[in-house]
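Have a look at this one.
Chain lettering (A, B, C and D) follows the sequence in which the chains are written, and residue indices restart at 1 in each chain.
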Amino acid sequence: MTSKVFKDAEAALFDMKDGVSVMSGGFGLCGIPENSILEIRRRALKNLHAISNNIGNSGRGLAWLLKEKQISRATCSYVGGNPDLEAQMLANEIDVTLVPQGTFSERIRAAGMGIRAFYTPAGYGTEIAEGKESRAFDMPCLLELPLAADFAIIKAQKGDPYGNLWFKETARNFSPLMAMAAKVTIVEVEQLVELGEISPEDVHLPGVFVQRIYQGADYENTIEIPIFKDET
Amino acid sequence: MTSKVFKDAEAALFDMKDGVSVMSGGFGLCGIPENSILEIRRRALKNLHAISNNIGNSGRGLAWLLKEKQISRATCSYVGGNPDLEAQMLANEIDVTLVPQGTFSERIRAAGMGIRAFYTPAGYGTEIAEGKESRAFDMPCLLELPLAADFAIIKAQKGDPYGNLWFKETARNFSPLMAMAAKVTIVEVEQLVELGEISPEDVHLPGVFVQRIYQGADYENTIEIPIFKDET
Amino acid sequence: MGEVNVSGSQNHWSKNEMADQVVEMLHDGSSLNLGIGIPTLVAQRIPPEKGIWIHSENGVLGVAGRPTPESVSATLINAGKETISVKKGASFFDSAMSFGMIRGGHIDVCVLGGMQVDAEGSLANWMIPGKKVTGMGGAMDLVHGAKLVIVMLTHFSKRGDVKLLHRCTLPLTGKGVVHKIVTDLGVFTPTGESFQIDRLAPGVTEKQLGMTDTLLSSAS
Amino acid sequence: MGEVNVSGSQNHWSKNEMADQVVEMLHDGSSLNLGIGIPTLVAQRIPPEKGIWIHSENGVLGVAGRPTPESVSATLINAGKETISVKKGASFFDSAMSFGMIRGGHIDVCVLGGMQVDAEGSLANWMIPGKKVTGMGGAMDLVHGAKLVIVMLTHFSKRGDVKLLHRCTLPLTGKGVVHKIVTDLGVFTPTGESFQIDRLAPGVTEKQLGMTDTLLSSAS
């Protein structure tokens, strides 16, 4: 039986090519797949379609790839706090599609769960509605389609050799959904644990959605906006 | 602040009336809310619309209410192994709507998550498609609407005073989805635990979906089909 | 056509041998959903070294045989409501996730029982009008999504009717969804207007299949 | 209309006092989502005995103030990417669940910042064409679903333009979605063609609001 466990990012991303679509987990810099992103930079892959809530932030994460002009297309919900993206948007160097965050997560889930389309009220009556079918239920809604990708790169706190994952605190965000929605899901973990070490009830993402997993290294785990008690 | 914690089934179901729709968790007899069902029997509520994968089984669970003719309408996916339901269906004493199980669970989720409708391939080209809108995506699909209810009665292994829940093994099934989809969700638990005792990452259902919770008693936890090693 | 009574013949596969035909189609490490009835036998015939992950739609991945009287749990069952045990690396989840795994194409193989299956790949397995309604349970979802949908059924009904038809006469579970059919007489692929014979059980002849020539085609 | 510069006046609420107006609208035990910017101040003004459950759309329910330098965690943040701590009974979940809580109507109150809000209850808070695009983030979802949608904004822009308009001129975040507006000068309810004045900050007069008479109506 072929193993899902890879040595490192270089081994796990062996077949990623120019022009692919890549979902990348994380909210801001929280829970981002640092090792996989840096490997994409090292390999100088070009013309990527990045699908991520924030296309990096504060010069880090996917912004590492923005700096190298590796991303030609981005699908995201928020560009604030990302000077690299803003600059390239203004210079028309990147094609950005903005999607409301709840629609973004539900479209990714839909792709993973085989739902072919759904109706949501988000965005009705706004620019986002342009070119979209609408229909009134208890309130007017837009028809939204699944959002899938060639690859998903995500990070988890713990993972086992089958790919069962467990996420820490708010680092879960879009990662399990993206794992469901990509043809090839590559996971890096803080701790690669034994099969059975994650309690079956508390698996956050069953391994059936994961194709490759590796033990990550050298995490920065950057805190973007540290605020402490008795500050504001 | 009003507490969500009730003394028992009698206290928690105080305002349930004839004619309401009630979702009931469980797969077969696994994970069913025994105390709440027995309280509905004790109160002799009539004309109920029961929404449950199986409307009881093997003479137990919601079949306790079928025997007393308390259920006039049922929405479910499977009627096999339920002689009480079969008898009343043949006698036209109950109005049964059959829904494919995956569509059943997704419609309940949709109600809870505010999705107004979705497209799924299940049931296309079958009797289930009659009267439903269809549309071709990568394959032909049916448009399905949310399934909500006045009440949900469910059971969890552990629950805290806010209503955070944790389910054991395969007892989870439809219960967390139903909790999201009902106006009033009433949970009975094997163990009522302190706030914080369920690890925040491993809460299976956040308490925001729960209106009432009580410590259950006298569980039968019937095993329908016990098969052991070296048997077939 | 119904006159060939297979139960009177030595030339047919036992249910375990039928299960072995399914096992041969499984790639190492693949995920597998087993329907209620004959398909559950497949679980017992899989060599552990194949590393198959068995899914049951009530919310478990990693089913592994049966419990002991000591380990049995009322909350650990399969979709047939039978007690099970799980292997290391198993996971439990809710029904929306469970069916999402299937609908989303993450379960490689799905094996279902059937009352009738036809040359178009349509399956009927949930009701006989006026006689019997069990409900479709998860079957209408299970037939969509899996990369390989296999139907396991006895070739003939108790009445002696062939269950492999040009078109099903019973209400459908799914239209054009079945990839392979395993009966006690052989393995078949529905091709639209006929069934391709992939293999026959040892000693079984085409004549024994109780099907017209136009409904049969040999593997090319 | 833009000539009334509120910053030169003593007669207005501080941002904390604005937050207190929001706190007064919260029922004990309710769930609350706080947007980025001014709304985050609300968290600090809620008396713990009110038992409010604060939701942040990046996947947490039960936010409780700030961490200490010892307890801070890179994986524990709110939707503004600021470090937080949580209270007993908190839970973490994925983004689909988080937005389902909102879209499904399980979050009682949602407080957002805004660039403009209008008499129809429409909100604009995600872009200024040709000047600034931050993206809508979760705002387009947040405005649908909560039982009470409150917008907190300063009454005047830095340029001195009133942010409460008959109709928004900036691209909308949501159409007809806002129930209450809290500015540094008062609390308002959009009624379709005008704003009902629910209350004004101490000493503030209607004249100071910089709005035409037809755009204002008093609480009945």
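The rule is simple: a residue touches a chain if its C-beta (ideal position, glycine included) is under 8 Å from a C-beta of that chain, and two chains touch if they have at least 3 such contacts.
This one's a predicted model, so the numbers in the text were calculated from it and none came from an experiment.
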A-D compared against A-C, more contacting pairs: A-D
Distance between the centres, which are taken as Cα means, of chain D and chain A, whole angstrom: 28
Averaged-CA centre spacing for the pair chain B and chain A, given as whole angstrom: 33
Inter-centroid spacing, chain D versus chain C (mean Cα positions, whole Å): 56
Rounded Å distance between chain A and chain C, as computed from the means of their C-alpha atoms: 37
Junction residues of chain B, two or more chains touched: 106, 109, 113-115, 120-121, 139, 167-169, 172, 200-201, 204
Chain C: positions in contact with at least two other chains: 60, 92-93, 96, 99-100, 102-103, 144-145
Contact graph of the chains (line, ring, star, complete, other): other
Touching pairs among all chains present in the structure: A-B, A-C, A-D, B-C, B-D
Contacting residues of chain A [partner chain D, same complex]: 27-31, 53, 57, 76-81, 86, 89, 98, 100-106, 108-109, 120-128, 139, 157, 167-177, 204, 221-232
Chain A-facing residues of chain D, complex: 41, 44, 56-60, 65-69, 72-77, 79-83, 92-96, 98-100, 102-103, 122, 133-142, 144-145, 171-176
Chain B-facing residues of chain D, complex: 28-29, 31, 49-51, 53, 55, 60-62, 86, 88-93, 96-97, 99-107, 144-145
Chain A residues touching chain B - in the complex, by the definition given at the top: 106, 110, 113-121, 135, 137-139, 141, 166-169, 172, 199-202, 204
Of all residues in chain B, those that touch chain D in their complex: 1-2, 109, 111-115, 160-162, 164, 180, 194-196, 200-201, 203, 206-209
